[in-house]
Structure formats: structure tokens, C-alpha cells
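Residue numbering begins at 1 within each chain, and the chains themselves are lettered A, B, C and D in the order written.
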Amino acid sequence: MSQSTMQELRAQVDTINLQILELLNKRAKLASEIGKFQEEMGTTFYDPEREAFMLTNLELNNKGPFSNETIKALFREIFRASMALEEKQARAKIKVQRQTDDQRTIITLPDGTQLGNGDFTVISGPCAVESMEMMDETAAALAERGVKILRGMAYKPRTSPYDFQGMGEPGLQIARQVANKYNMFITSEIMDQSQISMMMDYVDIFWIGARNMQNSFLLKAMGRVNRPVILKRGLSATLEEFLYAAEYIVSSGNPNVILIERGIRTFEKWTRNTLDIGGVAVLKLETHLPVVVDISHSAGRRDIAKPLARVAKASGADGLMVEVHPNPPVAMSDAKQQLTIPEFHALMDEITDRQAAY
Amino acid sequence: MSQSTMQELRAQVDTINLQILELLNKRAKLASEIGKFQEEMGTTFYDPEREAFMLTNLELNNKGPFSNETIKALFREIFRASMALEEKQARAKIKVQRQTDDQRTIITLPDGTQLGNGDFTVISGPCAVESMEMMDETAAALAERGVKILRGMAYKPRTSPYDFQGMGEPGLQIARQVANKYNMFITSEIMDQSQISMMMDYVDIFWIGARNMQNSFLLKAMGRVNRPVILKRGLSATLEEFLYAAEYIVSSGNPNVILIERGIRTFEKWTRNTLDIGGVAVLKLETHLPVVVDISHSAGRRDIAKPLARVAKASGADGLMVEVHPNPPVAMSDAKQQLTIPEFHALMDEITDRQAAY
Amino acid sequence: MSQSTMQELRAQVDTINLQILELLNKRAKLASEIGKFQEEMGTTFYDPEREAFMLTNLELNNKGPFSNETIKALFREIFRASMALEEKQARAKIKVQRQTDDQRTIITLPDGTQLGNGDFTVISGPCAVESMEMMDETAAALAERGVKILRGMAYKPRTSPYDFQGMGEPGLQIARQVANKYNMFITSEIMDQSQISMMMDYVDIFWIGARNMQNSFLLKAMGRVNRPVILKRGLSATLEEFLYAAEYIVSSGNPNVILIERGIRTFEKWTRNTLDIGGVAVLKLETHLPVVVDISHSAGRRDIAKPLARVAKASGADGLMVEVHPNPPVAMSDAKQQLTIPEFHALMDEITDRQAAY
Amino acid sequence: MSQSTMQELRAQVDTINLQILELLNKRAKLASEIGKFQEEMGTTFYDPEREAFMLTNLELNNKGPFSNETIKALFREIFRASMALEEKQARAKIKVQRQTDDQRTIITLPDGTQLGNGDFTVISGPCAVESMEMMDETAAALAERGVKILRGMAYKPRTSPYDFQGMGEPGLQIARQVANKYNMFITSEIMDQSQISMMMDYVDIFWIGARNMQNSFLLKAMGRVNRPVILKRGLSATLEEFLYAAEYIVSSGNPNVILIERGIRTFEKWTRNTLDIGGVAVLKLETHLPVVVDISHSAGRRDIAKPLARVAKASGADGLMVEVHPNPPVAMSDAKQQLTIPEFHALMDEITDRQAAY
């Protein structure tokens, strides 16, 4: 055959392409009408029996050269595209999804302090409340550098039941007193919905830990409180699961959710976890919620705190979380990763200088 | 120098080894006495300030050639060994730890059915209760093959808040009715401690899902019910974390815990998770609790159910868990991995034949 | 709207489905003709500029409701399906893919010993050749139990350049002598194609280690030798990558490839690697090549060798590989995982008894 | 007992601590002398039979309360510490290890261009050489922004043997010509040591890909060429393995090694790999070699190239690597991750502005 025949064949393909295009869009419109029906009837878009019927029908009518398998694979893509279209129309995607480039959720605290407004916020404090003295000493140093959100952890989720589980309510009392003294806000981990009413007396920002990221009862309960919620990514949660966990809270009524990337579990042993900084960049594209980088748990070692703080800032995140303790070697948990107070000051110098320079 | 000098040097090392040995044991005895003191006074064995003092003292007195860092590392090992010794003496290790080769926890159900006695138990049922008809049809088939423990899942922890979350209490009512009809026992997932009293009316064996494996409040609450508990390994939990999660339940008072390995999260894409069969073998060494293999979630595909069932049995596990549904393609969840009823019968033939052959 | 209207809408969708089906197949025939053209002209099926043109043309003509992005995604699937069809017609899928349920590659060694014929083969020997004495002692024990394939490793890929790298050619000489004495076959790792001609004098089965699984030059070179090749799965290779690595060898002319699953790298620390037994089951579905389970490297500990040997057999694998050493604690590598000779005998008892029982 | 007795017990422990300290250092001196002996005799420090003897001797003399297991574990730590000391004295650790805070390897190219001197270097070019036109167009844009090191990849390691494997030597000729035209240097992947002499005609900086990171024959061969070598981290290599791979090259004679972090394989699906930015920070502490961040393969998507470029710079890395192609959608490989030329300019603006600001 000649080159001209090749041209002709290609022209025929082009025509078929446009015919398929037209049919696909026509099909999408019909699917959309069916979808509206289903919505009125309260059924879901996904109807596996109908899909099974359509696929069987296609198989019966397929004369090749495409195999039944290929045809079914292609139509499954078409079904999925239709379903995606219907879901989008019905719900305009999930609530935590960013719809426009400049959409952002800004968390405003009672004194007007904001998180997620484009500034870079530092959240800090010890791993756990251990005593009034250490909380006071830490908070004084943090307040000096303008930190407004103080870790006041009184319930610690620990691997072993024999490890220190936190001071409980007395720890919250200490945290509250110290926060009041230095005009700071307390964020503290809640581990069960039964704690909500008690904690409301002490806590400004609820905190859901990595181990509870998919505790949907707790997430939904957090959707019903009128305080902001910090949600940590699970130890091996995908970004998609992370966003859906946030969606549990937001769809239950509380729009003020802050996401924390805290490193994921991998095979690497020189860091405690692997900080997923690419994930932070993707989150900033996908969601309008503020994203904070936990540079303590992700590294598990204090000697790389400075570069990680710079990295957090450069990534476009809305802030960082770092653990600070007056005497880390004797801390009751996370001894290797908490910064000393002088190390904290050095870290603040590092990111503040650079902040100025941007 | 000559070979004889080498011999002399080695003899000197041998002498020093024995001197260190003697001192280590002498030190351990003293530490043990101090430990008894602390126990009486109600303080814990771990005293970080005392450790910090001892390490500093060693640093001040170290003249090398070992660096301070090495000396501190070696002494930290010695401290840890002492502490382990004290804990062992006080508590004889953790409760779920197997102490002797033939120690085993046997779960006995009301009708005398046992799990963990050396037989191979099959736990089965659909992913979730969807209707009376499908539960009845499934249970009838399972009962025919001697299955006694029926999945009656009415609360489904789902990634998205918009996915099917289970039928709730009406699902439990269906499950209970069907179980009564076929003389079976219901196992059903509990997601929050607030559900306990309601679920006590329907459920014979509580089930804690992978996402709640480290929900310590729920674990401790399960330690206070007098029903057996199935505990699933978290999506990326280490075996150590898994055993400590079980320890939360057992140390809170409930010795009847069944562990389920359900595959861990890895990079591999041709299976939904990676079944950690080596982990099952290690668990059987480390703990006296029964261990069951979930061949449905670990694979996420039904076409390897038969080899995985054989593997589960060969591994020394106490049983397997497999999802069965009358019509998997229309199931509201886990459509790809649930077996049809004929596939279930074929699977039972496979492991029953082999059982006979062992 | 009424239910009847819903039926009508669905009927319209069904009609469109069949129209799209017809157009897809018509398109496939045209693409196939174009493909033949290209083949004659010596060009490849994949023509990115033509694809770019077609996609642009579709974008220009798309009036929605599908977004341009969705349309392009769907058509990329169609292009890929067409291309796959052309490639299939030209090459009938990849060579290692199993085409029928009973297709199997059987490796036959010079004395008629077979691997992959449905029996369960044991491959064994020390991690590395260290001396004539230890090789002889090991081989004697293995031969007694009918093992025919002996590890004779003389080049060890090690993490550190300062670790023991193997004895080199003198090690191969020892291995050959011992194998001749006991009528065994030597399998030995090749690390670079420059070693082929030298190793041909000593080695019956070439061995490609996990670190070289994607060394395509070595794979292609192994495709040109007329000896069987054992290919180990890479430390973090997907099953798909593993099969394509085998395809490099087979498509270069050597059909006699044996796959070894040796555990993948995960976060779990109680085993050296995580044995992917589900992967073995999937491989047995996907490929006709023999699959062997390495129970030494996957576990990294000898105390679970027995259950893993049973598991390997139950999985449907064609054999297992286990390291045996006369005195593991002084071995120059892999000290923790090599079996002693009495442990090896116990393991053989375990799987031979069960073999009889099947 | 009284508090005073507790004080006495602690004083006794303190005394024993110092006695153990003295013995440990005395032991270390003896071990060091033995080590010198062994060095003279050409044997290695590690003598497993001697260790086995010492451990048995300790077991025989152990009267408790420490178990034999604990005693052996503690002495194994002591042996390891001694051995580490000897190795350090003999070799001052491994060559790639940073000895002082300001030690850095600076790579100097023929025209005086440096990498690793504290500046931030951009390495760029298309995934593969596809034609003269696209190389010229790309190089022109890169040269305009001061890029000196051009990707000129002619051999592509691909998963499938049927994927595009690169243009081979003709591709190198194109790359060389283009580099000469724009006064750039070519870096190109070598896949087998047989290619060295041919590639010496075209290539300024050899490149070892992720799949060959532990190909020790190739690494050692690269140790014998007098050109710099870029070494990519393996898909699932630990940082320790990565440094040891570099040590293979450096210990074979070539000190000019550049490390590239390119993301590791995890369960996360929204990025192709997970950029281990914490690992980069750790590498900068541990080694004096330059470290470069590959923002293309780590993300696998171009929409987060800007934040990742900022992150790379903030991490303290010596540069970044980014793929650029005149028309990514039609690229023969890595279509989703290569930047267009306008995107490349935007990226350069991003990091150059910030460079100025630092």
C-alpha cells in the first residue's frame, strides 16, 4: 500500500473518533438524567446489577477484533467517567476539595490569631504535660517567640499499656493555667468521644492523633463541636484516606479542620518515619484546609530539625509543629526528638530570618 | 609480636570478661533491690533523672579509648537489661506472651465449640449484613459445612463518609435471628465503646477492626466485657504493636482474645494487601492467643482463595476468616474478594480433604 | 418522572453502548491495518505525534458534558487498547504469561531431574562457599535427603565493600568438586556478564540475585546461555516488574527460568523481610514458569523455618530454597538464618511426611 | 527499708558502674592490640569462632540473676563496640563519611563549573534523547538559564523489554553535539561495565540508575574511571545501603561521587514515589558527598514541581534534577512528569528569586 492509503485510513479513524466522542457525550447526558432520577428516589449512582447487565449485553454483541475483556475494560472506564460526572454535578465534589486556586479555610482563634491565612504558624510544646514547672518553663520560651498554640497533651496513645499514658485531667488543668498565664491556646489530644464535655473546659483546639485518624465515631463527634480540630495523618494512611477522614468531620458540621503530615511508615531506619513532603505539596493543591508539617515525629531525631523546618516552610505548608521540652533526655516520651529550649530558639531564628528574606 | 603474646592478650581479655560478668550480675541484684523499694513506694522502675545522673558520672570518669558516646550506649543497654529483669520479676513479662511451648488460650463458646484447641476453625459470612434474605442464604450454606462463627457486621468503618456505613442495629437483629436459626454465633465489629451495652444483646464475639487496633479506650473497654474479642492487625501495625494492643485487652481483664492477621500495606499492587504469613508463624511462637488468617482482605481477590486457605492451615494458624456472599458483584462492599457460595464449598473441600490427610 | 421513563432512558443508553461498541471495533480494524503498514515500514506502533494530533482534534470538537480531560483520558484508554491489540496480534502477549491452565515450563537437568513438573523440589546449601570441608559436610547431608541442586555461591553481593565478597573462582572449584562427588548440580550467582564464560565451567544453573533483578544487560546475556537461570525477586520489586524481568531472559532466547520469591521489604522488624505468599499464589496463576519460595531470606530467622516450609508447599509453589550451614554462628554471612544440619533434617521430615500425606 | 538505704544501694551501683567502665576501657585497649596483630597477619577484626568461645565461657560462668541470653546480648554489644573502635582506628570510618562539619567534596568540571561548593546546581534535560531537534530545543532553553549539566540518556533501563530502550550510541552522538554547541556537560546512564570505553568518548559525568545502585561490579568499575559519577538511590534502598554503594565507588579510587535522592517506594499512590527529604537532611549530616534532589521521579507529576524545587533548596541539598521536554505528552517515557520549556522557566524563576532572597 501507498502512503496515500495510510492517509485515508487515518482520516477514517478521525471520523470514527468524532462519532465516538459524540456518542460518549450523548450517553453522559442520559446517564445524568438517570442520576437525577436516582437521587430523587434516594438510591446511589452506583448500580452494580445494571452495570453487570450492560457488560453482559456488550459481550453478547461483541464481534471483535477487541476481546470481550478489552471491551469490558473500556466500558468500565466509560461507566466510571459517567459516575464521576454525576457525582460532581450532585455534590460538587467532596467538601474538603479545593474548588478554586485561591480557596482557603482560615482558622481564627478567639483573640483573632489566624492559621491558614498565608502566614507560617508554629505549634509547639512538650510531647506531654508532665508537671506545672516544665509546662511553665516551656510555655514562657514559646510565648517569647510568639507561639500562640501550645501542646497540652494529657492523654497519650501508647503502644504498650504499661507506658506512661498521660496525666489525664490534672494535666489539662496545668495546661489551661499555663496557657492563660501566657495568653496562649491549648491543643490537646482527644481519644474517645466520652471525653468531649470534660475537655471542653480546658481545650481550645481538639487534636486527633494518627492512631485515631479513621475512628469515624470520634471524627463525626468532632464534627459537632464548635472548636477547631487538628487531624493527624495515620501512620500509613494514603492522602486520599486522609482527606476522607477530614471529610467525616467537615461533613458532620465542623469546617475548621487543620491537617498535619507527620511522616509515614516505610522501611527506612535512620529516621523514625518518612516525612512525605511531596504529599504536603499535593494536599495544598487538593484541599483548602490548612496543612501543617510535624517535624518532630516525622524525623524522630532533633539533629535535622533545622533543615526540616526550612523545608516545611518552603513546601507551602501553613505551619509546623515541633516538640520542645526543658530537658528532653528525662522526658517520659519521645526523648530523642524533642528540642531543648535553646535548640527551639535556634530553630525560630532559622525560619524567622528566612521568613524576612522571602 | 609472637603468636604466644596473642594468646596472652586473649587470656587477659577472658579474665576481664569474667570480671565484667560478675559486676553486671552484682549490679543487677542491687538494681532489683532498688526496684522492690520503688514498687513499695508506688513509683515506676524507669527513673530518667537517675539515668541521666549515672550517664553524666560515667562521662566525667571516662578516660577512653571508648568514646563517651560508646560508653553511654553500652550503659544504656545495661540499664535496659536491668529494667527488663525487674519488670520480668515483677510481672513475668506481658500477659499475652507465651511462657511455655504448649501454653495456649482456648476460646470456648456457650455450646462448647472451641477455637485455639489445635483444630482449624473457619469464621465466615458476608462483608456486611445487607438483608435478611442474603444473610439467611449465606448462613445456611456455612452451617451445612459446620461453620459456627458467622460474620454479622452492621457497622462498617469506611474510608469515605459517603460510602455504605452498615445497617446498624437492624442489621444486628437480622444477624441474631439468622444465627439462632442455624445455631451459630455472631461476631460483629464494635467501633465505639458507647455501643457496648446495645451490642451485648446481639453479639457473641466482639470484633475490633484494623482501623481501631490502637484505639486504647475501646481496647480497655473490651477488657471489661465477658465475651471473646477478635482483634485485627492494623493496616501497618508491627507484630509488636499488635501484641501490645492485645495486651491492652488482656491486662484490662479479658483473656479471651483472638488475633487476626489480615495483610499489611505494601507497595505491591496485584494483591490488595500483603499477607504476612511469616508474621503468623512468629505470632504462634510469641503468644498463646489463637491466631486466625483473613484470606479475604489480605488478598482482595477471590482467585487465590484456595492456595491461601491451604497456606493458612499449613502455617500453624488456628483458623481462617473468609468472606462469602450469595452474589458478590452486587455486594455493597468488598465485591472483588467475597466468595460465591459454590466457591465457598470448593474451598471447604480443599481444606477438609487436606485436613483428613494430615 | 415515572419508572417507565427511567426504563426508556436506560434503553437509549443500551443502544448507544452498542453503537460505541461497533465503532470501537471498526476503529480497531482500521488501527490494525495502519499497524501492518507501520510494520512493513519498520516503524513502531506507538506514534506520539499522531496521538497528540488526535487528542487535540477531540478537544476542539468536544461540547461536553464530559470535560476535555475526561475525553482525553477515555481516548488514551482506547488508543492503548488498540495498541495492545496490535502488539498481541504481532506477538501474542508476553512469553512468560500462562496461556492455559495447565501450561507449565519444566526444567530438566542433565540427569533427568526435573523442576516444575508438579513435584516439590528443595534447593539448598550454605549462604556462601567458605571451604572444602564445610561444603562437603553440607552436601553430604543434603544428598542423603535427595537434594539435587546445591548452592555454590562464590560471589556475594554485599551492602558494604568491606564485607566478605565470596571466594571467587576458587570457591566455584570447590563447589564443582563437591557437586561431582555427590551427583549434585551447582547453582551460583552471576553478578556481571563478563563472568559468563568462566562460570560455564562450573555452574549448572545460573542465579541472578535480588539486587540484579532489573540489570537488563545481565538478563539479556542470560537469555543467550543454554543453562537454566534462577531469578530472584528484587527487594521491592512488584510482581509485574518480576515477570517483566523474566521476560527479558525468555525473550532473549532462554525459556528455562525459575522464579524465586524471597520476601519483600516492609516496615515489619521481627522478620528480615515479609514473605509474599499471596504473590506466589498470584505468580502461579499468571506465569507458566516454576516458582520457588526462599524461606531463609524472607524470614531471616531459623525458628520459623518449619512452618514456612509447610506454607511454601501448601502455596502451590514448585519448591523451596533453604540455607544450611554446618555451624551457622560462625558463618561469614547470614548467620541468623542458616539451618544447622540437624535442623535441616527435621525440616525435611516435616515436609516429606506431609508430602506422603497429600 | 528507709530512704537512706535506697541512697546506699544507689551509691553501690555508682561504684560498680565505674568499675565496669574501667574494665571496658581496659578491655578495649587489649582488643586494640589484638587488632593490630591481626592487621599485621592480614586477618580481619571479626573472628566469629573466638566470639563463640568467649560467649560460651561467659555462659558457663554466669550465675545470674541475668539470664545467659541477656549476658550474651550485652557482651555482643561490647564486642561490637570494640570492633567499631578497631575499625575506626584502622580506617577512620568509611571514606564517604563526613569527619568534620565543614568537610565537603566539590566536583569540578573541565571549565571550572563546580557542584557541591555551597551553590545550588540544576541538572536537567529530557528523560531520554529522542532526536537532534528535541535535544537542541531543550538544551537551548536550559543553557539560557545557566544550566551546565545536561541529561543525555541513550540507554534506558525499562521494566518491560518491549518498552523503548533508548537510542544507544547514536543518541550519545546527538547529546555530545548539542552539549558542545551550548558549552554544556553530558551526564548519561551507564548500564554495564562493557560500555565504559565507548561512553568515554561522549560522556562527562557517568550516571548509575536506581536499578543498578547495588551492582557492585559496575560500582567498582566506576571507581576506576576519572570522571565524576552520579549515583541514584535505589527504589527501596536504605540510606545506609546508599552510602555503602557510594563507598564501593570511592574505595575503588574515584572520589567524585554525587548522590541523588529520587524518592522511595511506599504505599502512597498520589505521587509516583515518596521524596525522602528527611533522608536528604540526614545525608548532608552523614556524608561529605554532594546530594541532589530529583524532583521529577520522586513526584511523577509536574504540578508540584515548584514546591518541590523550593523544598530541595531549603533542605540544604546541593542541587536538583528536573526533566524537561519540548512536548511531554508525546515523550517516549515519563510523559507525566517532564516539564515543558515554559514550565521550566517558571521553575527557574521560582528558585532564582528565592536564591537571591536567601
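Structure notes:
Keep in mind that, in the parts below, a residue touches a chain if its C-beta (ideal position, glycine included) is under 8 Å from a C-beta of that chain, and two chains touch if they have at least 3 such contacts.
Bear in mind the structure is a predicted one, so any value in this text is a computation, not a measurement.
Of all chains, the one whose Cα centroid sits at the greatest distance from that of chain B is D.
Chain pairs B-C and C-D differ in how many C-beta pairs are in contact, and the one with more is B-C.
Look at where the CA atoms of chain C average out and do the same for chain D: the two points lie 28 Å apart.
Put simply, the C-alpha centre of chain A and that of chain C have 37 angstrom between them. Between chain B and chain C, the centres computed from C-alpha atoms are 32 Å apart. Contact with two or more other chains is made by residues 236, 240, 265-267 of chain B. Of all the residues in chain C, the ones that touch chain D in their complex are 46, 48-49, 51-52, 55, 87, 91, 94, 157-162, 165, 191-194, 211-212, 214-218, 220, 234-236, 240-241, 244, 247-248, 251-252, 265, 329-332, 335. Within the complex, the chain B residues that touch chain D are 1, 5-6, 9-10, 12-14, 16-21, 23-34, 37, 50, 54, 57-58, 61-66, 70-71, 73-75, 77-78, 81, 84-85, 236, 265-267. Put simply, chain B touches chain C in their complex at residues 236, 238-240, 263-264, 266-271, 274-282, 284-285, 298-299, 303-304, 307-308, 310-311, 313-316, 354, 357-358.
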